[in-house]
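Next come two complexes built around chain A: one with chain B, the other with chain C.
== the complex of A and B ==
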């Protein structure tokens, strides 16, 4: 193993971290400072490393002039609903895979996981005619349903692994106490599974929120557009020159995910089953 | 109080049969202990009684009513699990009242019953705490309290004390003994701890590989084991077994370090004799009726001394339990003698041919 206390190791690891950090954070840094620069400063030939005169005008413009609030609302609705749907489906599917023994359990689980191996674009080819025949093209419901493919397989697997670790004796104790299977799931298993449930919800929310392809393909009305395509169509075209606006809008678009992670991170590190057994 | 009757109980998981026909009656208010080596099916049998698993074949009745298909909560049975299995997100009080809540018991009554049980178990000041805020012993009390609150007809315990350290285990054992006297409820108790079984049980069921080897009072099992397995399983340190050589005249058999006289006219050819460590003694070499060997190891427990004697011409060691502190010299040659009344004779199939019958020691 490496001896981390030696000076050489410290230097090597330090440099490696710096290198990785640069690629991870420099674009983010550039995004932030660009959104805060006035237009004059933004279009200088030699860019300034930090805004000389920070301004919030791009943010104000993005909110008031563009359709950013509408796109954000649409995204919130579709991503929220699909994350909820994925979480609920993954809860029941994962629990069934983890705690019940029935014919075909493993094949069904593998089949479901295999959906994750196809590129999402490929799946879209079959989703499109499905949505078309259900008359769900250009509807939020259609988009919400399609978003399930992003995260359901992995979410199910994540919850499956968690539930598999829930001690059987806990479930047996509840059964001996007279609880039905569903009641055990709802009053014992779900309450002790809040951290993985939050994780799964955020995970699937993030996938839908970051989606571009599905929303671009399945939604045509501007009034139903989500944030990804909304930003793209507003700022990334030949006639656009509002780079500051694009930066500010992008920042605001990524804010919900960042904020959610900040508030919910305590769930990821918490152990809840402590005290259940032994 | 309830009477529990099992007849021809079998349980298979897939192709493997774990319980191979269990017949057993537990009387009203009786405390029965299941003992047996790990994996012999004790927990499986308990889970069948509780109703957590389905019985593959056979019949089970409580107070004469067939309960094979009755769900756990309707059997009037409460079980205390080895891992305690407390609901981690509920307070101690809610844990104890969960079954009553499910049964639709009025809130006031639940409170009263939980508080009463908690007081008895001395956990009444922890009712608002979560299980993770309790020590192991306190969690164990909560698990027992959760069972008591339901006022079941039968209590089931699956190795309830095995997760506790030694001193706490003794304390809880006494607690359970008091609970048994106070409640007088029928109790079935699984343990691999002999002392728990011997001290608590009215009746011990020795299980081995999915079958009942013997049922009886603790002393009956100790004094008259029906087979070699029970003889070896009950008692600590375990019984010494000595293989008998070719039979000589008049019931004389060679054993390592000497020979013995086994009573004649037994149901089968004797193959082994067994003597418990506490029934052996070290004697001077010149004593006529004794086996000969060398003390190879000693263990000093203060209250007792265990001497391990390797018999002449054999690899086998006999454990001799000497009471009190005994300065036995290691590597010394010694004689070993036993009271013939305390020897057991086993056949080749392991069945007991004679217990408490004279097996005389011959001069070496």
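== the complex of A and C ==
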């Protein structure tokens, strides 16, 4: 793209790489490094650039003394169930939008997408009393249902734009053989759509896993708390701040989503930018 | 750009395939497939949205058994509420700084990551990480960096001689704003980069090579070829960025709680405080209505682009 044969170009390129790269990666480096420092080393005015005496004590404490495993389990249950629900709903809706023609199809789809401008915080004002009247306040089911808000519209659109590319000939041929519409969808279309389906699942899972607002508001009992508010309440309360513990717990809370993302990032990025770049 | 087409290469894709759709007789099955998502959407997104808008016309506080109709009086109260106007100003500052900052750095990083060099693939993958971290984690990282006593930012500035004493960043209005803005820019750069890289993929290389033969330098190529080519992506990224930044809550709340006092109380935080700390639902909804009004222009632009893209 750019010609980097001249010295000036090399210098500008190198400096820009260094500057933005530092901004992007230093916080991550600092997260890892701080989690490995003992408290004596952690709380110094001028910190050491790398741990002199690396220790895993913060990780051990987070697992044995804290409630991190419980928060992680709760997050896994609520995010997993909600992502599954969103994926199934979006799967059928996306296919319906892509492959069927009926009155109001385009307006309904655009309306669903425009829900992105409904602020999650505003919706919560009504979701809270709704969950309360259904006796779903402070329950995992209530949180799972509320999490649909985050990803259903975009997930539907992501799957719609994928299904729109599936050739109609494929479906028509199966229909000529006498297969029913549902059967065609289940046995022919879904098997060739695994990457986008996994992408949508991960996208939805990520939203719920990263959530703070809804969990903090709709869940009261500590035993049902998810990692977002769980981490916040454990490590940064008014009385004391345990930064080493916070960093170690942060790494463990991020691990599942980071690992999943690393394997699927290509599909993920294609899915999220689909439709936006033509 | 081609969307997700990994497994589809086995099948012949006719150009008209996606446009034609299936026969009208099957529309009932199509509607049935849409039904579950439509019900979920109506119950958990649309109904709460309309109800929240409606509640702005009621007085409804924690002491009351049921909402009481008061017409537009909540909005009248807001007119004289300086905190709400302050919140609008704070939101404007926050959204402008985050969107502009992410735009510049995200575009810069995408251009760098588009240049072939050794280790680029690894760097590109790693640079997506800030985007997938839980918001509480991002807030922890930056809260620790900005820490008044042991923060590495103070240490760096002290050593470079830029400050004489450690600064209590999160206790000053400007410092707290700087921290929440930096955090949001940091976690949004990957998404912006992904959009720009996708846009750069279908740049016409021959045209650039031809311009180079004609003597165009790097700067001229960027200004005359790359930036004009990226214009549509740029608009989408800005619109999506504004929508996202207008709604950001988690990292701000976790870092500063909207403080010190109200210095970082953007609209999302203000609505949360009024609704779930003061339990003044009517006023919270009224602020929410104004909040939605600020979201309408970018949302309208976004929808218009989608409709254009579909046809």
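Points worth noting:
Going forward, the second predicted complex is superposed on the first by the 246 of 278 C-alpha atoms of A that agree within 3 Å, B and C clash if a C-alpha of one lies under 4 Å from a C-alpha of the other, contacts with A are read in each partner's own complex, and residues count from 1 in each chain.
In this section, a contact is a pair of C-beta atoms (placed from the backbone, for glycine too) under 8 Å apart; a residue touches a chain by one contact, two chains touch by 3 or more.
Predicted model, so just to flag it, every value in this text is computed and none were measured.
Of the two partner chains placed around the shared chain by superposition, neither chain B nor chain C is touched by A:73.
Once chain A of one complex is fitted onto chain A of the other, the partner contacts of A:124 are limited to chain C, with no touch recorded for chain B. Using the contact criterion defined above for the overlaid structures, shared-chain residue A:196 touches chain C, although it does not reach chain B. By the touch criterion defined above, A:17 lies against chain C but remains apart from chain B after alignment on the C-alpha atoms of chain A. Contact with chain C, but none with chain B, is seen for A:31 once the two complexes are overlaid on the shared chain.
Shared-chain residue A:170: touches chain B and chain C both.
When chain B and chain C are set side by side, the one touching more residues of chain A is C. By the touch criterion defined above, A:113 lies against chain C but remains apart from chain B after alignment on the C-alpha atoms of chain A. The contact surfaces that chain B and chain C form on chain A in the two complexes overlap at residues 167, 169-170, 172, 192, 272-278. Those residues of chain B lying in contact with chain A across their complex are 47, 50-52, 71-74, 77-79, 81-89, 98-99, 102-103, 130-134, 136, 139, 146, 150, 163.
Listing the residues of chain A that touch chain C in their complex gives 1-4, 9, 13, 16-17, 20-21, 23-25, 27-28, 30-31, 34, 42-47, 85, 88-90, 92-93, 95-102, 105-106, 108, 110, 112-128, 130, 145-146, 148-149, 152-153, 156, 161-162, 164-172, 181-182, 185, 192-196, 199, 206, 209-213, 217, 227-229, 231-232, 235-236, 243, 246-247, 250, 253-254, 257-258, 261-262, 265, 267, 269-278. On the side of chain C, the complex with chain A involves touching residues 1, 3-8, 11-14, 17-18, 20-22, 24, 26-27, 29-31, 33-34, 36-38, 40-41, 44-49, 51-52, 55, 105, 108-109, 111-112, 114-115, 123, 125-130, 132-137, 139-145, 147, 149-150, 152, 154-155, 158-159, 166, 186, 189, 191, 194-195, 198-200, 203, 208, 212, 217-218, 221-222, 226, 232-233, 236, 240, 243, 246-247, 249-250, 253-254, 267-268, 271-272, 275-276, 281, 284-285, 288, 291-292, 295-296, 298-299, 302-303, 305-307, 309-310. Those residues of chain A lying in contact with chain B across their complex are 167, 169-170, 172-179, 183, 188, 191-192, 272-278.
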